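All chains are identified by letter, namely A, B, C and D, in their written order; residue positions are counted from 1 within each chain.
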Amino acid sequence: MLQIGPYTFHSRLFLGTGKYSDGDVQKQAVEVSETEVLTFAVKRMNIFDDSQPDPFENMNLNGFKLLPNTAGAKTAEEAVRIAKMAQAAGMCDMIKVEVIGCDKTLLPDPVETLKAAEMLLKEGFVVLVYTSDDVVLARRLQELGAHAIMPGASPIGTGLGIINPYNLAHIIEQSDVPVIVDAGIGSPKDASYAMELGADGILLNTAVSKAEDPIKMAQAMNYAVHAGRLGYEAGRMDKKWYAQASSPLEGLGQL
Amino acid sequence: MLQIGPYTFHSRLFLGTGKYSDGDVQKQAVEVSETEVLTFAVKRMNIFDDSQPDPFENMNLNGFKLLPNTAGAKTAEEAVRIAKMAQAAGMCDMIKVEVIGCDKTLLPDPVETLKAAEMLLKEGFVVLVYTSDDVVLARRLQELGAHAIMPGASPIGTGLGIINPYNLAHIIEQSDVPVIVDAGIGSPKDASYAMELGADGILLNTAVSKAEDPIKMAQAMNYAVHAGRLGYEAGRMDKKWYAQASSPLEGLGQL
Amino acid sequence: MLQIGPYTFHSRLFLGTGKYSDGDVQKQAVEVSETEVLTFAVKRMNIFDDSQPDPFENMNLNGFKLLPNTAGAKTAEEAVRIAKMAQAAGMCDMIKVEVIGCDKTLLPDPVETLKAAEMLLKEGFVVLVYTSDDVVLARRLQELGAHAIMPGASPIGTGLGIINPYNLAHIIEQSDVPVIVDAGIGSPKDASYAMELGADGILLNTAVSKAEDPIKMAQAMNYAVHAGRLGYEAGRMDKKWYAQASSPLEGLGQL
Amino acid sequence: MLQIGPYTFHSRLFLGTGKYSDGDVQKQAVEVSETEVLTFAVKRMNIFDDSQPDPFENMNLNGFKLLPNTAGAKTAEEAVRIAKMAQAAGMCDMIKVEVIGCDKTLLPDPVETLKAAEMLLKEGFVVLVYTSDDVVLARRLQELGAHAIMPGASPIGTGLGIINPYNLAHIIEQSDVPVIVDAGIGSPKDASYAMELGADGILLNTAVSKAEDPIKMAQAMNYAVHAGRLGYEAGRMDKKWYAQASSPLEGLGQL
């Protein structure tokens, strides 16, 4: 069971709701993923702009926890404003802080992210924070009281997978709150790997919505998260340089 | 469905039977793995040596296909002798050729492996061949008529995972018979990765038997094989250097 | 030529001065490295504590630019205090900001690092900043006016090499001031790789001082930095999936 | 000093002669590389076909050792025929065996390669063998008496660098004759890495001829080979998971 603030989830897979070409495909993908948490950019919701389609039009939202995010914000103040809009619209008291600091890579701004998290925590939100894989920044966010840390595996929408397992492992090791690996997951092996490193959950979007068959990929990701979690709990074998090596890692350090 | 020679399998996970510390644990691990194929070294079977324990003592073998292997052979002739012993004992008409050429790494001998495969095919066996990830050797084995190619991800018992995805991808691309990735799998992500590359199945042993909790790891591997297979069928998203890159791989080649 | 603030260097290799077991070995290593910049922890200098040996005892410091660093500081204020001590002692007007935020990994604290850089820039120092490979943080440091950005390849003293070439490439691409890759370099290939990514220089210490033969390794690093710089300037070939691929990266994104 | 059969070389960098767009550029690249060995496909030489340009037209070949290769051969017999043509033309008594088994990847055929090596050794040639990185095949070639083993880092012309450092390390560890890493080197870091693993030399072509500035890249490769060799001789530091880890590789096996 995954516990974030006051909420409890059976599924450790969170899904984004963007970039689907077909609402019906999205609905089925969400179903087979068995996710309980859907994230979406508040700025893209039509409650604030009637000209835009409702991303949830075809979906029965009962049974889902909605996780609005502050995508589009470039400063802490903007992020707070967006979060309050979502709250006012009765969407959720849970918010994913996302303050982008680079238009090219969509990587987060550490300073504004930290500030936004602090402000939103003071406002009483349940705060999940999208962040880079900077180890000390993750600790700082936790010290502020963030309810979950969401380090990126690689930049949003790239599908490059886990570039730096070292940093993720350290973030996980030092964290007392859940670590949800968010962004960059490209295929099931990436999701499994993150979970094997000890992550408490995964948030992904493009890997499913931009797969050739999003429904099948959603199912694959569901299995992958289970595989990785069980693999983590099972305790993997040591790596060895030789099958018969007396000391497990003998030789490995030379590569 | 996986078809090897005349046999059809629902599960794409083959399990080895060595190195378990506890027969009951092994039995449960095999069950949750949902494997249909168990492989074992003929040389270690007690039908030939009453002083050794029966690795299958606690298991009901109904419903399993047994895949004896020629482990211990260093020449083609030895491998053929072992295969015939297994056949004479009524074990199976399916054999996994394994001719080791290096005591330290347990890597296979390409020349003797090729010879053994040729001889056993002439004798009418259904032949699955453990081989290195040499791309042309794999093609040669297929041209001989081998029923499945079993390239290693990394050396037996090391858990180093997939060292050379490039070669595996090429072996899979060029093969008309099933490719079962055999040896070196260390954790679920490795199994998923092999399947995502298009492998038809996975054979593993140590990753389960030497996990802290072999039963849980067997279940993890079951999920991972499903995740990887579905991920392969679903068609993964392209990798991108920037989320907004116009051309998918722009920039990637510079790393 | 490498230009940092008002200073110009022919060599792109900066050397740390710690962890040598033998002063004479250190002296020779420094010589063959052809470095022009030596860095050292102000806190370890005996001008402040006569009980400690002088790390430069055996070295003729003429011809070297000294780069004191603030190692040992955990806050911006401490870092500033250390920098001012160094200045007062007439060591240098150049300072390397190093504010550690994690005792286990020795990774830097982004918030205090940013603050320290800002304060020292206001005091008129030439400021080089040791930082994580957080892309947006690097940009922020540059916007403050930092004279050089020094992202880590991997944590100090680990020799793990370049874990995240992606982030380094982006930091380099977006930077108008020199980028010196600092920390984690373990062997010559790592130094060459960093330079090939476009880094303006390398700072390393342990890779030389803890090599079996530090003098030979210093020479190796000197060559590696030249190799990598020339390789960068020469413009490497594109990577290809097949030798004859019509489109360079065709296929690569599937791995 | 590198000793292959009766020949001794100061430089550990061998250069191919194909794919240059400009003869003068090639000449200068060869010069700054300080190579002593030039390899070329016998089949492409105009002594056998007057319609083709002489790749060495602009070069003074004094001081170079020529290493003809059997590129274009798909069988051992063809390779032997090509080698004898080269011998008859007085080119060299040294031959690089290259028998391609796959048109797409240009990977070598292990069976025909082994046969060709055996036949040419019986004919008295000094035989260097281009091979895959199959560890046992490399040993077999050495047992036949091959004068040097030339495993590929990755397929010819791809620039993918060293995909499988594990296999290269084992081939080098077990070999009593020189190991020259041949094919796949894309940039200086790759050349340095191969040498750090203990290779005795490097053969490359495309990385220089298809660089934007081949002359500069040739110089870079010269430095890289020196850097890697010195790094190997110097004995690199151990990798560590934490800078302060008591046991060097503690933790590394979990990734």
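Definition applied: a residue touches a chain if its C-beta (ideal position, glycine included) is under 8 Å from a C-beta of that chain, and two chains touch if they have at least 3 such contacts.
Small disclaimer: the values here were computed from a predicted structure and weren't measured.
With contact taken as defined at the outset, chain B and chain C are each touched by A, D.
For chain B, the chain with the farthest CA centroid is C. One finds 34 Å separating the Cα centroids of chain C and chain D.
Mean C-alpha positions place chain A and chain D at a centre distance of 46 Å. For chain A, residues touching at least two other chains, in rising order: 104-105, 155, 160, 166, 236, 238-239. The touching residues of chain B, counted against chain A in their complex, run 104-106, 155-160, 186-193, 196, 206-207, 210-217, 219-224, 226-231, 233-244. On the side of chain B, the complex with chain D involves touching residues 101-102, 104-105, 107-111, 114, 132, 134-137, 139-140, 154-155, 160, 163-164, 166-167, 170, 174.
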